[in-house]
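Data first, discussion second: the structure below is written as structure tokens.
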Amino acid sequence: MANAVLACGASPIMADDSDEVEEITSLSTSLVINIGTLNKRSVQSMLLAGKRANALSHPVVLDPVGIGASRLRTQTALHLLEQIHFDVIRGNSSEIKTLAGQNASVQGVDADIADSIHQNNLDQYIALAQSLSLRYNAVMAITGAIDIVADNEKAFVIYNGHPLMSKITGTGCMLSGLLGGFVGANPKDVLLAAAAAVSLMGLCGQLAHEKMLQFDGGTSLFRTFLIDAISNMTTEILKRGVQIEVR
Amino acid sequence: MANAVLACGASPIMADDSDEVEEITSLSTSLVINIGTLNKRSVQSMLLAGKRANALSHPVVLDPVGIGASRLRTQTALHLLEQIHFDVIRGNSSEIKTLAGQNASVQGVDADIADSIHQNNLDQYIALAQSLSLRYNAVMAITGAIDIVADNEKAFVIYNGHPLMSKITGTGCMLSGLLGGFVGANPKDVLLAAAAAVSLMGLCGQLAHEKMLQFDGGTSLFRTFLIDAISNMTTEILKRGVQIEVR
Amino acid sequence: MANAVLACGASPIMADDSDEVEEITSLSTSLVINIGTLNKRSVQSMLLAGKRANALSHPVVLDPVGIGASRLRTQTALHLLEQIHFDVIRGNSSEIKTLAGQNASVQGVDADIADSIHQNNLDQYIALAQSLSLRYNAVMAITGAIDIVADNEKAFVIYNGHPLMSKITGTGCMLSGLLGGFVGANPKDVLLAAAAAVSLMGLCGQLAHEKMLQFDGGTSLFRTFLIDAISNMTTEILKRGVQIEVR
């Protein structure tokens, strides 16, 4: 995740001790809270960091990894959402359905196939994103085969991406890191910044897959080329490759 | 480790907080307990997860990383073995000798050269594996230059593998992860599932080494190609490459 | 970091529980204390490990990651320096300035551009290194575009390295790990061992960059080839590539 953030041009620092997270947050331009390696000790640190970022008007991103897989995760995510204002909330379809109180098919940290986004249920997922955007006053990013980035008024539907992205660790977490970098650099238009980060990540997945095939590689080389593509991204490549529509 | 598990087709989730490990274990089809990054906080979580997995009859794998390097590791491993039934126990020769109460030459987390398995002491190591299998009612996997996978009645001797596997981090841990995936998918024949995982891992080491040489690479490219080989494995490649004998 | 240490031929073990760090230190030939993922629990372990290493006359390396970014980091680093004798202290220019009580431009864990070492301020940084060497009776390694390795009497100025090294995670930490390996293997001449490790790391950055270009890669392939270069290093390659001067 830190390598992806470095690759996009941002400068990550990871801290989780309650004695330093407020100072570290003050040094930073944005904050990403990721509950992937959740433990009770770090929840207090998340609250302190989030409140400080809110006080400083730094954009804050939430990645509710595995919400629904345990009560600890669900309660922690909901508690964070009560105590902290998030500017962007990113999850897969199972996580976002759980957040909305819907019955998701949680299978650990991966989205269940039963919850996958396709043309037939796209409108429902956009409506879900927009109702959550209203509830939390946040840009919602639901990622999967099709990605949705929406606030209460506007939705971007993004067709970039590659199925192999779910066969390596950390693509969701990397994207949340990129979101932190992008909204930190463009806090005036969080929706657009978030849509740019999500489409960039998806496009990098496509480019990584093409290059992996050239070298007869597998999932690990794909992971290498994914971060390579982030580090080598240009406006030109991005403009040419993005497949996005506005709803 | 998680990337290797994803590469073999399984879906890993890593959790270590005592408040969620029982629920996470319930969602999963198998459990791997690895004491590599041991701390007192996580031992309680290991016990809770292991007991839940036993109650649900999910297969459980133990990787007693670095047992013998400290009393904490030795006592923790022995305590886990008293409290939890493990279906598979995997370690290098130094770790397994320590487990058996024999005098191993422990040098941290790597097997000592004095404990390496070769043709001259192979029978002794098979006897060791089978006596431990009887004691713990578990399939034993001793990995090194030659690998042994045995229960009390039958032993597989596996000649796959490559010395570079000891020059990168996590090959033992990855294999324990694969063992979790394989015995989770085939709980009816744990011995065979374990032998398949061990020989697959060794074969992937050989394939990774060949490909590394093509690119004039070093240990990091070897590590990339090792996971690539896991993700690209087919029945055909496995059957052609496995070097295994039954004792 | 562990992969870099393995690549140089050493055998790393990472432990942070207070119940085992003294035993693990006793098994090892050197100790590296890195405050990158600092938390209150591990500080006690650092003190125990450091004191044991001192008692056994094992060389000890300090990497004060992000000192200055929070009071916790600054106070911890200073407390460790009071309680433990370090043989080598390695940091970037911002970290070392903070250590000296100078006003550094701390931007998280990366050196600030305002603190970068160039020909115009090189003499000042050498003087800084030598005064800290006297204060702490340690070899100082300040790494950046130009690296300085100095004790109170002699300074090596090293011109190896590549800017991409700051665009991936862990190059500073990897180097601290290599320093542990090198001074563990050559405790009689810590200054020379440290200079060798620093120049080797920089040279590997250059070699990795060349190879990355061959494959049209980005930062992740660069990271792979950096560790590859460490694992493939020979005396011949090192002698030919090192750009070092003695002051």
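First chain written, first letter: the chains are A, B and C, and each begins at residue 1.
By definition in this document, a residue touches a chain if its C-beta (ideal position, glycine included) is under 8 Å from a C-beta of that chain, and two chains touch if they have at least 3 such contacts.
Keep in mind the model is a prediction, meaning the values are calculated, not measured.
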Numbering shared by both copies at the chain B-chain A contact, with half separating same from different: different
C-alpha-based rotation, chain A on chain C, 0 to 180 degrees, nearest 5: 120
Whole-Å separation of chain centres (CA-atom averages), chain A against chain B: 33
Residues within chain B bordering two or more other chains: 223-224
Parts of chain B lying in touch with chain C, wherever the complex brings them together: 37-40, 66, 69-73, 106-110, 167-169, 217-221, 223-224
Complex contacts: residues of chain B adjacent to chain A: 2-3, 6-7, 11-17, 19-20, 23-24, 27-28, 41, 223-232
